[in-house]
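So that you can tell them apart, the chains are marked A, B, C, D, E and F in the order they are listed, and the count of residues begins at 1 in each.
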């Protein structure tokens, strides 16, 4: 029976979901896993605040639990990896987050990582995450384009800003590989790479790749399942 | 009018809440802020998994929003600091987390920090947090007592295990200051310190102290409020 | 009997001492500890060089020893924390340094710390300290206003330079919380915070807060008292 | 036309090469790239010293140059990643090293990485590499089985030692994900994972996965091609 | 019998070798070791790419083996330290690399290190090395002059660019000590230091100093000699 | 005229001073600088506490100032490097500290450093220093022999303890190079190295070597001299 990777876009935008689905098409191989992309109708329209992230995290964990038997691996397709660690506790199947995967993949493509983010408000959250991963020494800068998730659909404006930000990351901060800090930027990867002459990572592609690898080779996640307490606890 | 610090214990245990309230009594000073402790009836009985943390985080953020006008500063009294950053976006008033405050305070009391945790399952979550804070170089070890939150009420067993773990942190890992990794351990601080001869930090006390300081001196939090996107976004 | 926090300004300026005393007034609560501020008549006029720091350090350690029975906690009110660790060996009572306390407090208010210093000559000393604390990953920049301690009393010039430096820290270096790197800057905290729209930490306030907390909760310092050598040493 | 990933085992052992080929079979998908494994007849019998690594590195770079038009992506299948960066300068096509890929993949499967190495002599070399990658904060220990590459074919002895070392990594050093530090250990992954109950990464599998992802999504490597010097250089 | 330090310039330029020899003259003391400088006729004309480094590394290791009995200590005189670790395995005598020695020496002369490199293409290689040494926290920037090794002989152009780059390292990046990132820059040390008013380290001088010290005091290198495998390996 | 390196042992022990002088004899070369060793009669008998360090620091800075015209380079011969940075501000001549030099030299001899200290009480002070240098990632452990400075003269006991501690550093903590954390351990270097089979660094030797190198090549220290304040300060 065909294996299946379920990509969960935790916001409610079908358009973003379709763009992710198109972006990862090259890993839909005959005999390989299906790669299906869904969005969460109850999710925020765009994930811009910590509250959005935490809200989305709950929905993602629930979605993974609901689809546990209908998929063999999961991808959380939001650059804040909402619900990633809760989902990993909820299933023994591989769960990849696009931020984690995108950054790890960039570490194999270049030396100094620059991140193109949507909004300045996300930067402290991002840096907490870079540090939590233990890789902040490899990230030279994270610069926002200053556009909301929805605004990313205005292609001309968005691309111009992304190119401008990418150039600043390379020329002023010494980045030699870029990571797009949003699932909704997928369509800009190829033209951005052409314009900047440096590798640009679409984190959704990176995560589907890592999910496929983990799935095909039966890699487990190091689940931190709550062990049995040593002492029996009545009434809990 | 009297200022008020609201300590939110995100689990549902009144017993733990009462113990926290007793532990922080020494900062209830005439003319100073009231320090009121509540628990969340809808919260988990104990916070042991990432799912518990994420669930509690939503409740904490909501509670802070609800009490925004009825308090002048907030403390999140669970060692995973659930909802801390969302709460900081929800209010301009100081919000302190006990893990963050407890670790920062320990850095002023000793050189090498050892953490006494409840369950081994929390360790990866704790280390992600130590790294996210950028202080993992100061934490030499985090060892679990292997007892669930509820089991902590069996005082004899708990204290014996905490002393054993504390000794291992000091003698085998070189810790010279200890942080108790759970709001429910408050009653053991003084006897543990006596038994081990090293400073032991109750993180709830540390957090109330930091909240009081921030409140009295009108310190703001560096709120990462979502800035206005540069481009107007129709339909959002 | 009333408890007492003794704030030691190790330079000889009564004016700076008075300003510190005014700055920390909000933590003088009925029933709480007195907070008394003294300066050291033999101390340097301003602490600008390593030699000043080392000189002041000796005086601070001596002052702590002298007042050991007349105070319950101590604050060293110079941003180089002169004599801090010697003082901690000299008394079991809490001793806080304003640099350490200011930086730790900033870590709970923002993500990326910027420091406003007096003179460029202090920068290597500061960075040795940030690294010694293990928090250099959280400090994005330390910029000098280029004014000596005494010159800080020219309020117009000083404030203009501090605002300029603060802006550079925020806009060019990405700081989202600022620490004033001198006890003599206390009066500028509130207007600077208003002008910059980001939290600004007065390190003396932070240290009095941490001292109060440690004192009220009987926290010990992890004193590195010289243990008994294993082998008796004749003639020492 | 079918794409092709060329896996270069830089030692001369056909047996090890066959084992790698078997280990990566699950990523040979219809319509996907071929994954061909070769060894280098002139390579060392086993790669155990820095001299072996440097020797192998020259051969790998040459092999990549020779096969540049006959493959679309390359994997260097030795845990010291010999020649990896030279190969990346020699071709614009993706080149993955199994150490780099194995470690990055482990970072998505667990929190604290333990490495199972062949010989103690490799440890300083490994740690230089962990630090060069900027991820040494995630590696808790690297322990040798104390067996040469050839000896790894004695399955009973080898597996017993690997299990023993794996247990020490988990129980004494706190590892929650293990990386096998040798291409020649591929056959032991599954039984080791079963025996230890923690994820075990075969680095060759991880690298083929990352190569496949990079290849299918046209990711470039951030090639550090020597730029044109600013000043013309006669006679060079 | 007189001791002898052999300085190996791994490129084929006699001119650079002569300049190194002149630069280290002050450590040729009566009764002290001879300091002889050779270049490798088969080496690259200049070492600008990873391929050059790896090629040179093989030649260096071979040269150290060949001269093992004719010298008492070795210096590898190229800022990429080619073959350093292989050479250390090949002899129990001290082997110093100029990058490692130059950077370590700079750490005793200043706080924030700036590196003046030849070409931008070397930067990722350099940063991998700074991190491998575990000192990247002390290096604030590495800026290229953008001139090939041979072009360094055009003294006017080179010095002007080095001064410009040095100034940027100091004024824009906060460096207070500079390291020249190339053995071929020796002649510019003194004038550069005069022009910039900050210490400038010639790494060849630093390495000859460390070699002399190690040699005179019989310091061994911690040779990672391949231990005997635990299990006999037939046919290897 | 002959150059002169002045080695200042900041404690009052002539015996330790003589032992240092004997240990560094091999760098007294004809035509090279004299290496003279003095102790400070007013210094502590042994430097065991932070108070001793601070006291000694003042004496060292004064001694450097007094001998400024009578020496060309200075070495501070106590493993806490008392007064090092003040001395560097007091003279433009090279000043080396034995802790700094010993650790930097060890970084060129091995990968993982172990430190053999006198007393456990020094460990927090040492770790603050390792971190201040930015090299704590290279130090795997610092273990005390538990003997006071004076007791080090009981050679049998001391050597037995040092060997025991050295073995623990190597076998339990993975050190492959050791640094003796006290100027008074000089005589034990050679036998310890023989007994342990790993390089052992005498920090006084390392510092004299670095001073000689800096002196012979006219390297300056990056003196953080207090710049002229921008604004004139009346009456200071």
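FYI, a residue touches a chain if its C-beta (ideal position, glycine included) is under 8 Å from a C-beta of that chain, and two chains touch if they have at least 3 such contacts.
In this text, all values refer to a predicted model and were calculated from it rather than measured experimentally.
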For chain A and chain D, which third chains touch each of them?
B, E
Ordered by label, the neighbours common to chain A and chain F are B, C, D, E
Among A-D, C-E or A-B, find the interface that matches A-C: by residue number, over half of the contact pairs should be common to both.
C-E
Maximum distance between Cα centroids and chain B occurs for chain E
Measuring between Cα centroids, what's the chain most distant from chain D?
C
Roughly how far is chain B from chain D, centre to centre by C-alpha average, rounded to an integer in Å?
42
Cα centre of chain D to Cα centre of chain E, whole Å, reads 29
Approximately how many whole Å separate the CA-defined centres of chain B and chain E?
50
For chain C, residues that touch 2 or more chains besides their own
110-111, 123-124, 128, 131, 133-134, 136-137, 176, 222, 224
Let me make sure I understand the interfaces: which chain pairs count as touching?
A-B, A-C, A-D, A-E, B-C, B-D, B-F, C-E, C-F, D-E, D-F, E-F
In the complex, the residues of chain C that touch chain B are 26-27, 29-32, 96, 100-101, 104-105, 107-111, 133-135, 137-138, 176-177, 190, 193, 198-199, 201-202, 205-206, 208-210, 212-214, 216-222, 224
Touching chain A in the complex, chain B uses residues 45-46, 48-51, 53-55, 57-58, 61, 83, 85-86, 88-90, 119-125, 128-129, 131-134, 136, 146-148, 150-151, 154, 157, 161, 222, 224-227, 229-236
Taking the complex as given, what residues does chain C use to touch chain E?
123-124, 127-128, 131, 136
Residue ranges of chain C in contact with chain A within the complex:
110-112, 137, 174, 176
